[in-house]
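In the two complexes below, subunit A is the common chain; its partner is subunit B in one and subunit C in the other.
Moving on to the complex of A and B:
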């Protein structure tokens, strides 16, 4: 069974779209009552996932889109960032620090990256919306 | 666009130039930041002021690391201003990436000017 996203957004895979997705995610988090630090972490992870799409997914191809699906429960937010591009390929390190995926991994409670049969890449990121450890 | 970032470069009489970032910065503003840094890179030290910055991602960190590397190659100082009142998200990404131990970070512009002058800055 496929879950229906609570929010879906499709934008061109260009740098200016990243802020659009970030602001959308921020609005979702605030509507769900997440604290400021959690909102910041989710904005950063979403930004890094979209940056990967803009930089790598459609390199040498027709420009494509970034697709965002957001699934929310009371305690958790799952973001699915999808492209229809080349799939995960080692990127020549022309610039950048290669910090995107490590940052996403550090910011998420679960991270899954798959390459669907129809092409592209799906990055699924789950975030806890409530701090379950009061000492942290 | 909401939260769009601005980059402002300011010459300082008797001090190092300051590049101040306000708002949110990501891949869309990284080229402008890189260009501003290149303006100073080979001739001058630079202070990057992040006190009014509300978001940066790894694209921006990559540009800053490039600026730091070029400054070190030219034996010029390079510092970042990140005060106690700075947005927590900025300190968070520096800590997550370990870059808070890589950059010279100062709590105010004045302390950055003084600290970098100690590295051989303008008299």
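Moving on to the complex of A and C:
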């Protein structure tokens, strides 16, 4: 059985939607009592994942959407970013530095990327909401 | 999903007040609404949140929004029968009237089976 998300967002995969996603993620983090650094990290990772969708998922295809599911517990937030686009493909001519996924990996406690049978890409990111190592 | 449409579903629990407030603010900005309207929408969010526990039909508030240039169409629900009117009463203003009809140029209640949706047209 699939768990019901606490928050679900489906928005057009266009640059202007990123601000809507960031604000929604901010609201989730604030409601969960995350500190400012954690909120910043989560927003950055969500922005990177959603920007990948805007830039790459629907290139050369009909415009599509970004789907975000948020699952919250007292100590963790899991964000699932999904598209129905082309799936992950090598992009040797891309203009970016290619740091998006490594950056997301550095900001998350768990990162899983899958290509579902029905197409597209799912990026699952789990974040610890409480700093278990205050010296870090 | 229609082109340009934003859909959100939020569990009616502790996340709702903050998430709805942030979401409506971002959608208002997306629709190029004025700062005054942005503040008004924050009050709309407060009214919906305060009545959500008793009025939202399945424990999850759904927001469907279509931002335009200087405009925003909002549909909120699903509410239990009579729920949309209770949400409007939660936004009651001193001296009569309600916040929803002050903020929006058009407020309608749509019925789909047993569920109701509150639809607002804000701006142009």
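As a convention for this text, the second predicted complex is superposed on the first by the 134 of 136 C-alpha atoms of A that agree within 3 Å, B and C clash if a C-alpha of one lies under 4 Å from a C-alpha of the other, contacts with A are read in each partner's own complex, and residues count from 1 in each chain.
Just so we're on the same page, contacts are C-beta pairs under 8 Å (C-beta built on N, C-alpha and C of every residue); 3 or more make two chains touch, one makes a residue touch a chain.
Just so we're clear, the structure is a prediction, and the values are computed from it rather than from any experiment.
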item	value
First (subunit B), second (subunit C), both or neither touched by A:47	first
Which of subunit B and subunit C A:110 touches, first, second, both or neither	neither
Which of subunit B and subunit C A:55 touches, first, second, both or neither	first
Partner chain in contact with A:20 - subunit B first, subunit C second, else both or neither	both
First, second, both or neither for A:100, with subunit B first and subunit C second	first
Partner chain(s) touched by A:73 [first = subunit B, second = subunit C, both, neither]	neither
Contacts of A:10 with subunit B and subunit C, given as first, second, both or neither	second
Contacts of A:31 with subunit B and subunit C, given as first, second, both or neither	second
Shared subunit A contacts, counted only where both subunit B and subunit C touch the same residue	16, 19-20, 22-23
Sites on subunit A touched by subunit B in the complex	15-16, 18-20, 22-23, 36-37, 40-41, 43-44, 47-48, 51, 54-55, 95-97, 99-100, 103, 106-107
Subunit B - residues contacting subunit A, complex	1-4, 24, 26-28, 55, 57-59, 61-62, 65-66, 88-89, 92-93, 96-97
In the complex with subunit A, residue positions of subunit C that touch it	1, 3-11, 13-15, 17-23, 25-27, 29-30, 60
Subunit A to subunit C touching residues, read off their complex	4-12, 16-17, 19-20, 22-24, 26-28, 30-32, 63, 65, 72
